[in-house]
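Let me begin by presenting the structure, written as structure tokens, before commenting on it.
Per-chain residue numbering starts at 1, and chain names A, B, C and D are given in the order in which the chains are listed.
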Amino acid sequence: MSVPHVIVVGAGSTGAATAHDLALRELRVTVIERGEVASGTTGRNHCLLHSGGRYCVTDRESAIECIDENMTLRKIMPDLLELNDGLFVALTEADFAFKDRFLEGCAACHIPARDIPVKRALAMEPYLNPATLAAVQVPDGVFEPFRFCLAFLATARRYGAVVRRYTEVTDFIFSGKSVTGVKVKDRRTGETETLGADLVVNAAGPWAGEIASKAGVSVPEVPTAGVMVTLDCRLNNMVLNRLNKPSDGDIVVPQRATSVIGTTSWTVEDPDLITIPPEHVARMISQGEQLLPPVRKVPMRAKMAVARPLIARSGVDAREVSRTFECFDHAADGVNGFITIAGGKTTTARAMAERVADIVCEKLAIAAVCQTRDVPLASYRLFYQ
Amino acid sequence: MATLNYPKIRRAGRWFDVRRRRLGMWAYTLNRITGIGLVVYLYLHLGVLSLLARGQSSWDSFVSLARSPFYLGLDVVLLAGILIHGLNGLRIALTGFDVGVRAQKALFGILMLAAAVALIAAALKIFGD
Amino acid sequence: MENPFAEEPKATSAWLWQVFTGVGLVILLGLHFMANHFIAKGGLRDFADVVAYLRNPIVLVLELLFLVFVTTHALLGVRAVLLDFGFSESIEKRLSRALTVVGVLTIGYGLWLTWNIIR
Amino acid sequence: MISMKMLEIPLQIFRYREGEPPHYDIFTVQVADTAHVIDAMDAVWATRDRSFTFRRACHHSSCGSCSLRINGVEKLPCITRVMDVWDGHAPVRLDPLRNFPVVSDLVVDVSAFFQRMSAAGMTITRSAEPSLPLSVDDLAATGVLSRPVEVPESLSRFNRFENCIECAICMSACPTMATDEKFLGPAGLAAIYRARQKADNPSDVAHLLGLADGEHGVWRCHSAFECTAACPQAVDPAGKIMALRRELIARRFKVAARAAAVVPRTRNYSAPAGPTKHGGNGA
């Protein structure tokens, strides 16, 4: 039997990691991406390499995924991370009261957390609000989402994967109830083409529903936008979080020579065009100012908004929706050979890829095991060579 | 228009394209134009000097021609080229030794001002005689 | 790893020569211009004047030095412009050799001319 | 609600498809007056023409992918405000970067850039750098002064990414780059400079300086300083090129001095020199 061919739709973090995992398992892989690598949700993310601290009280499943993947990524992409840890700081009595639950959550999820003296926290972070009541240090980090994807794809390509950018899926090809390929259109030339596949993996993030609908199925996803504001200078060395349940503007991620304040949350109809509400930007500044008082004095460098691919749960608010991921085998909807991987976050992209690749291998009856925990990634620069 | 794999000679036009560029690009372009011009002049000059080998009459008839206002005007152009190339060359030499890199714009401005002053003085002298 | 400094770093040398001759020219060309076009009456010397001028040994040395400097500087400059075209290495080598020949011929011509004038 | 003033802004966009002659299209789109150029491009794609192709990822000057020319000058549209480049009447012109093959519309093939960065081999993480202020511009301008910073117990020092975001703007701005495909280019040379600063092994230093010293290394720069003027990240490639030259010249004279010595003691000229004066703020 010839090597099965899997088409991965989307070259964000999920698609890139999935292509990488499948290629390492020696499958024939083609990635279809309608724009540049990471031009959707992944590109415009907060760049936070989660320690899991952010979810250890409200969403332990996500928190454990995060800390596991955090440690794995340190091994496979050491040169692509800013590793300066993070601080969860209490600014109010309510924050302070949250500390015990936070430490308990960290312990339960095996997140190394250290309750450090406020004076020391202020020495580490000179611009931190001097009214800080408590600070807990966790192994947060910072990555570069674009290069994160390029590194996975460059490695996948080394193992034979093909990445087709500026190419969009226009339709699915069926044989009976099974997907046997996709129709694609090259946006640069306008040419259309049919690609055969033994299986199609939909990793289109908030656009997964749109792709799934072309195959006549649906995905319970709610594109939920968030605003981030980038400052024209770096005010913190470490990632700074409010020591409380996740809420708007409670995190400042430093990156390179900037600090990025995030984020808000609202449901959008069309993830293609999101207008940034000015009041969200104003809220980021006023919330960021609470953590780092000089925020308002610093010029703004950029502001951005993008839709997250949250999985819908009836009767649950967007902030409460689990940040974990889910695989949907559309055989359950009567369509074979088509899987959607939805939800999740860039920090856990490799784990998502592992899960979906396991399902792919099971469906194709291939006995290959996941190797992505240990294989160091190739240089992201090779993607363009 | 973008660079659509044009032949090199066409792309070399960009050496002289100062539209919406900064002062450094003007310096680059001026240096290149004057440099090429001075090489051409050098060989013309050497060619003309061969008249000296032909004897007194050929040279002296050339000299009387070269004392016309037209030739004196060309002399001013030549001098302008020399001053721009020479003084900007000092900027290139200094910055190339990592001296005054941050002040390169000011350096260029001052040197070109000096060039202008010297040129005006020389022009007055040339036409004044 | 091979040591790139085991051999003479040619690219650096070429640039240093360019600067050295350039700075030299600022002085020599200044003198040349002054002597031949400003001090000389009417802006140019007539034949007899040129012969007398060049028979002065200090002038002769300075003018010959000027010839060598100006030729070196000009041809290194032409070479730099040609290198900016990023031709293949074999073409670059041939161009460099051709420019060396041009330089030798130029200086030779200058010497011949000077000898013809002062003898 | 904070009221949002909307603008009708015309964009004149370079369009190119393989095999067809390039042309410009004019699109008028509606964006907020606080929008950046990338938002206007997004609006063109989302509401006017789905065949319009451009590169982008992060929208906050971190990925370096969206670089192009706005009214002829290299910029990152993600940090360039519409109001800063639009005079209120004439269309804002968008062209692809120069000195790269155009793939389609505003997309260029940047492989030549990444080949150079690979050759330089600079890792994008840096360490042993000063921590705050870590800004592109001096913090003093914002009225905030730096203080000495303690490093967490778990770390030996803070680290952060290099300033260079590999946007290739410098290669588009450089006049030498127009004709010389062999030139290592501003970013490549700045990366060599940074890699050389980080290198602790003499043979690595010798290798890096050897790269910089080729005919198509630092000596192809003719001091236009356009790279430094265009760089959105204050990398100052021209400054780095000059710092490399300084070190190369110093070595050249050392080599000459040794060659002139009556008894050459050693043939190894690759001992590392001290850091040059731009040591503090690298690429």
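Simple rule for what comes next: a contact is a pair of C-beta atoms (placed from the backbone, for glycine too) under 8 Å apart; a residue touches a chain by one contact, two chains touch by 3 or more.
This one's a predicted model, so the numbers in the text were calculated from it and none came from an experiment.
Taking each chain's centre as the mean of its C-alpha atoms, the one that lies farthest from the centre of chain C is A. Here the CA centre of chain A is 58 Å from the CA centre of chain B. Separating the CA-averaged centres of chain B and chain D is a span of 32 Å.
The mean-CA centres of chain A and chain D are about 26 angstrom from one another, to the nearest whole unit.
Taking the mean of the C-alpha atoms as each chain's centre, chain A and chain C sit 64 Å apart. Those residues of chain A in touch with two or more other chains do not exist in this structure. Among the residues of chain D, those touching two or more other chains are numbered 179, 222, 245, 249. Within chain C, residues 15, 84-86 each touch two or more of the remaining chains.
Each chain pair that touches appears in this list: A-D, B-C, B-D, C-D. Looking at the complex, you find that chain C touches chain B at residues 15, 19, 22-23, 25-26, 29, 33, 37-38, 41-48, 50, 70-71, 74, 77-78, 81, 84-86, 106, 109-110, 113, 116-117. Chain D meets chain A in the complex at residues 1-2, 4, 17-18, 32, 34-36, 39, 42-43, 45-47, 50-51, 53-65, 78-79, 103-105, 107, 109-111, 113-115, 117-118, 123-125, 131-137, 139, 142-144, 146-147, 149-155, 158-163, 165, 233-234. Here chain B touches chain D in the complex through residues 1-5, 8, 11-12, 14-15, 17, 19-22, 24-25, 27-29, 31-32, 91-92, 95-98, 101-102, 104-105, going by the rule given at the top. On the side of chain B, the complex with chain C involves touching residues 8, 12, 15, 32, 35-36, 38-39, 42, 46, 49-50, 52-53, 55-56, 59-60, 63, 66-67, 72, 75, 79, 82, 86, 89-90, 92-93, 96, 122, 125-126, 129.
Residue ranges of chain C in contact with chain D, taken from their complex: 1, 3-6, 8-16, 80, 83-86, 92.
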